[in-house]
Amino acid sequence: MRKIKMGIVGLGRLGMEHARNIAFNIPNAELIAVCSALQEEVDKVQAEWGIPYGYLTYEDMIQNKELEAVAIVSPSPLHVQHIKAGLEAGLHVFTDKPLGVTIEECREAEKAVEAHPDQVFMLGFMRRYDPSYAYAKKLIDEGKIGRPYMAKFASLDPEVNVQGAIKFAPTSGGIFIDMAVHDIDLARWFLEGEVEEVYAMGGAFVHPEFAEFGDSDNACAMMRFDNNSMALFHAGRDAAHGYHVETEIIGEKGSLRIAAEPRKNLCTIFDNTGVVNECSQNFQERFAEAYLLEMREFIDCILEKRQPDITVYDGTKDTEVAFAATKSLKEKAIVKL
Amino acid sequence: MRKIKMGIVGLGRLGMEHARNIAFNIPNAELIAVCSALQEEVDKVQAEWGIPYGYLTYEDMIQNKELEAVAIVSPSPLHVQHIKAGLEAGLHVFTDKPLGVTIEECREAEKAVEAHPDQVFMLGFMRRYDPSYAYAKKLIDEGKIGRPYMAKFASLDPEVNVQGAIKFAPTSGGIFIDMAVHDIDLARWFLEGEVEEVYAMGGAFVHPEFAEFGDSDNACAMMRFDNNSMALFHAGRDAAHGYHVETEIIGEKGSLRIAAEPRKNLCTIFDNTGVVNECSQNFQERFAEAYLLEMREFIDCILEKRQPDITVYDGTKDTEVAFAATKSLKEKAIVKL
Amino acid sequence: MRKIKMGIVGLGRLGMEHARNIAFNIPNAELIAVCSALQEEVDKVQAEWGIPYGYLTYEDMIQNKELEAVAIVSPSPLHVQHIKAGLEAGLHVFTDKPLGVTIEECREAEKAVEAHPDQVFMLGFMRRYDPSYAYAKKLIDEGKIGRPYMAKFASLDPEVNVQGAIKFAPTSGGIFIDMAVHDIDLARWFLEGEVEEVYAMGGAFVHPEFAEFGDSDNACAMMRFDNNSMALFHAGRDAAHGYHVETEIIGEKGSLRIAAEPRKNLCTIFDNTGVVNECSQNFQERFAEAYLLEMREFIDCILEKRQPDITVYDGTKDTEVAFAATKSLKEKAIVKL
Amino acid sequence: MRKIKMGIVGLGRLGMEHARNIAFNIPNAELIAVCSALQEEVDKVQAEWGIPYGYLTYEDMIQNKELEAVAIVSPSPLHVQHIKAGLEAGLHVFTDKPLGVTIEECREAEKAVEAHPDQVFMLGFMRRYDPSYAYAKKLIDEGKIGRPYMAKFASLDPEVNVQGAIKFAPTSGGIFIDMAVHDIDLARWFLEGEVEEVYAMGGAFVHPEFAEFGDSDNACAMMRFDNNSMALFHAGRDAAHGYHVETEIIGEKGSLRIAAEPRKNLCTIFDNTGVVNECSQNFQERFAEAYLLEMREFIDCILEKRQPDITVYDGTKDTEVAFAATKSLKEKAIVKL
């Protein structure tokens, strides 16, 4: 069995999730190089997993001639720079979202991808690979609910993690760019249209710290699409019950809901509180399978010499819409795209 | 509009439920007489609701020539005596379950009913009138699940009421006669067969006080029916979460569940406990509509000169099965009927 | 027991629901007069229920000196005229929503109510009396979820009734005035604030007939409130699964959902489709108890000489907001109040 | 990283599930040998996955000196023979359930395991490793529901697979040995007691073919445990909706339910059927993670030189109870252990 030799940059929480999948859970991938600015992170992974190569800079790593592909899980402002260098080094490139932190950066990424049409480029909107979302898409494609004309999204991060989000607020780009961009991508995917007009609203209702950085703890947006459809979004950072991502797609003949109520697992508790379903407190637990399946798709694309459905242009479009929502929220005005 | 003039004996918690329905919620019934051994109960209802006649004995009440029908919600050991006297006085008779506390008593009730074929006699197994059970029966009759060959029952009383049950234990007849008899009636109704063989098991697992009276806080039974079907029963008195009655009917083409998870109302709480559905703590809340609908059926039977589907023989059969289960539990032996 | 003698105008589907509750289900109310422009409706109710007085005009009915109170379920454009005449005739007045069909009319109603401070005036936003909504309000008032800062609403009418809605479209005032006004009232009630700004979007996505009358089959709105809170609304007329009203209130410490998934009753079907919960197809089934409880509150207010929580000013405010949403939708512009 | 070199015997549906986990999803395991009586199965796996060694007999495989451990997924009647030979060859042994097909065989396996105390022996009751069951066990151990005194089980295979079960009926040992043995193991695990007495009932209600082999398509059992607890079991082979394993554990302070309603994934369909959750049709989908986690535990036990919690004695006990239930069902008599 042919194994794709991969390197990864970024060994934070999400980076380790990807690294683990590449190293252990994908038969035809092999993690041969890890890179982080923190020496101890590199040392630890190399020692524990027996990874042959370790690097402190991405530039050093991609010079390793054994490498065939690279996964970019570095800080968002470095994404485009890493994408370009990786492609230029002849590598297949997987990058976690966001594509870039400005529209200009996204355009640069587009050009780099266009310049290397024979290399696989994939953007990590893992929700599209979650079995329940993939199943919903399949049902829609089969006509189960007729033409979808509306979608409703809620993405809620748990209150238990809010301090991390506050710390990250100065550089995150705001709740639409940081969180809702996943739902924006899903909306474009499910509705098969592009956003024409956005109106957004939000506030630091519970944690005023967000307001200091022009960010919100809860925000919502309403979007008109160019194919006679529309979508509602809600992103929040303070869900008392846990991590909660819920989606509804409404079509002419019916509607679909994904994960209407979050659950930690299949164990329900009946006690003097009532009937209780506990919730998970982190997105990795909810989307573990999606993270694995998206990386499998990346490897399969390399082996089968094809490109994944998510393109670099999706990354640009999703970012544009997220910026428009951010602008609308700040200016209290309708934004047209 | 013709109104049936009714009297009621027994003004305890359930008696008041029936009284309220007759007095206020059934257009063509009129509560003209109430009876209780407790003078203050009689006085209170008469004063508050403007009921013309009040009695301290049932014998006195049924001599009231204006009465056309009577509802018996007196203590179980008095049921058969009240049934007989009521029928002999020319009244239509509704009696709450159980029909009687011995099989001999049930046979006496049968004879009394047979001797007055023109008077309506109805036994209060209200669950048959609950909209969800009635709907399940309708689906079965329409062939939705094919022939039903199995049924599973759980009837759980809430722990918050357990002291009342302990106080009642010396005279209740035990958990099968007191509680499971409702499910036994449902089993015979849904499976349309009669019980041939019973094996039961139980214990005072949580509240040893029940054991002092030969009773259990939890018991289960398995029954073979004469038409190639079977049923499982569980009755418990200590549900931490609340009042919980759950039923499953399994057929050749599908199955039905009624009230798989109990809920106080439609409000779900999402807080740091998780996703919580609170439960009701009393059967009146769960079966309020059923109590009303069964009494409406009684009145309709009188007006339309027909007999209800639940017969006096159902009462005898249900009681026989409950006694067989009680015997099986005590003797740790299979009991055949 | 003192019984309030009532009359009702309007014997359509909803009128009959109210009439039935007054006649049969409220101990201290008595329906003595019915009024409809259709002679056969009047005759039928009088004959079947034994109602002494029948009228073809509201003006005739309110001259009946026995009357103490009146319920107005006439066509919406007649509401204010009927309210004024009823109050001037010295009657307590219950009127179904909407208060009026223009803001000017609402102001007239306000003046009429102010001129008769000793008469009870009540507006029929029955959802506030639904046990689950009332329970949610109680939990919020007790601090269960902290300060509520956001609310999300979905009110979906079933596709099976869409032809009726299309027929009604020319005069309904549009989806916000006709349907979402219930949710607007709930939002003001739960969030305890007033709407400052509205942005709405919608379309005749499935049934182009609505577009002919400037109406939508689906519309959504986003509203900013004056107390640092916001709300999202979705109203639709084509739910394939049935009548579906769902509400979420989000607070600092948790959130509440009411009726997240609609269900016809407690019977779940397991068959080769999967696990199926059937839905109800009409609002009367969902809100039967609410209709009864709101009328009980009206009667109790009369007997206890107090005014209900829902005031005439709520009617005006709800209508103003619904008009603002309608304007926003049509003009594709933000509307400030 | 040290990798345990493993072989597997049996490459049927479940064998392939185990093989895939060993080969690809467990970092410190390596699948170096596969064995099946069918040459093409061996060839296929060797070719596709690059497995160095292939065998047609188990006896040949275990002579491979590179092997450290073996997974036995051969037909049940061969289990004990393969266990003994594997242990004698110095290998760590994982075997799928059942331990053996007679009690005598189980005793032989016990002796073999006792004779090789330094080798890991593990029995594949994978449900104990399912995250939801493991979580329930943890909650119980932490005292969340107090002492568990009762458990209720339902294990239903889907109707779509019933022809396979009918074909397997002559040799399966019957529904308790083939299916309910998983629940028997869970009951002993959760209740921490041993079965004293069994009464069982069943029938070929839907598929008379089972009766020809003395088997049932549905059976239930009631069991008394030696520590004042009890359990109810239901196993069925004809669930119209799909694969459905549901468990309830009842304790003094509350109860737990695992998977009360089966679901294929998190996508809910709202269409003119109502609200629909589709179901999975095979156990691999439901227990995929459990199969992986149990094999990980086996490998960890080898590396950490410890024995798993499930012992060879569990296998014997579970089998004894399953045989007792089978005997009870056939003889319509109570069976004591």
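The first chain written gets the first letter, and so on, giving A, B, C and D; residue counts start at 1 in each chain.
Convention: a contact is a pair of C-beta atoms (placed from the backbone, for glycine too) under 8 Å apart; a residue touches a chain by one contact, two chains touch by 3 or more.
This structure is a prediction, so every number in the text was calculated from the model and none was measured.
Looking at subunit B and subunit C, the chains that touch each of them are A, D. Looking across A-C, A-B or A-D, the interface that copies B-C in more than half of its residue contact pairs is found at A-D. Among the pairs C-D and B-D, the greater number of C-beta contacts is found at B-D.
Of all chains, the one whose CA centroid is most distant from that of subunit D is C. Between the CA-based centres of subunit A and subunit D the separation comes to 37 Å, rounded to the whole angstrom.
With each centre defined as the average position of its C-alpha atoms, the distance from subunit B to subunit D rounds to 42 Å. Chain centres here are Cα averages; for subunit C and subunit D they lie 56 Å apart.
Contact with two or more other chains is made by residues 145, 239-241, 253-255, 260-261, 264, 268, 270-272 of subunit B. By the touch criterion stated above, subunit B contacts subunit D in their complex at residues 145, 149-150, 152, 154, 197, 199, 201-203, 205-206, 218, 220-222, 224, 228-230, 232, 234, 236, 238-241, 250, 252-255, 260-261, 332-334.
On the subunit C side of its complex with subunit D, the touching residues are 159, 239-242, 244, 261-264, 268, 270-279. By the touch rule above, subunit C contacts subunit B in their complex via residues 1, 23-27, 48-50, 131-133, 135-136, 139, 144-145, 253-260, 264-272.
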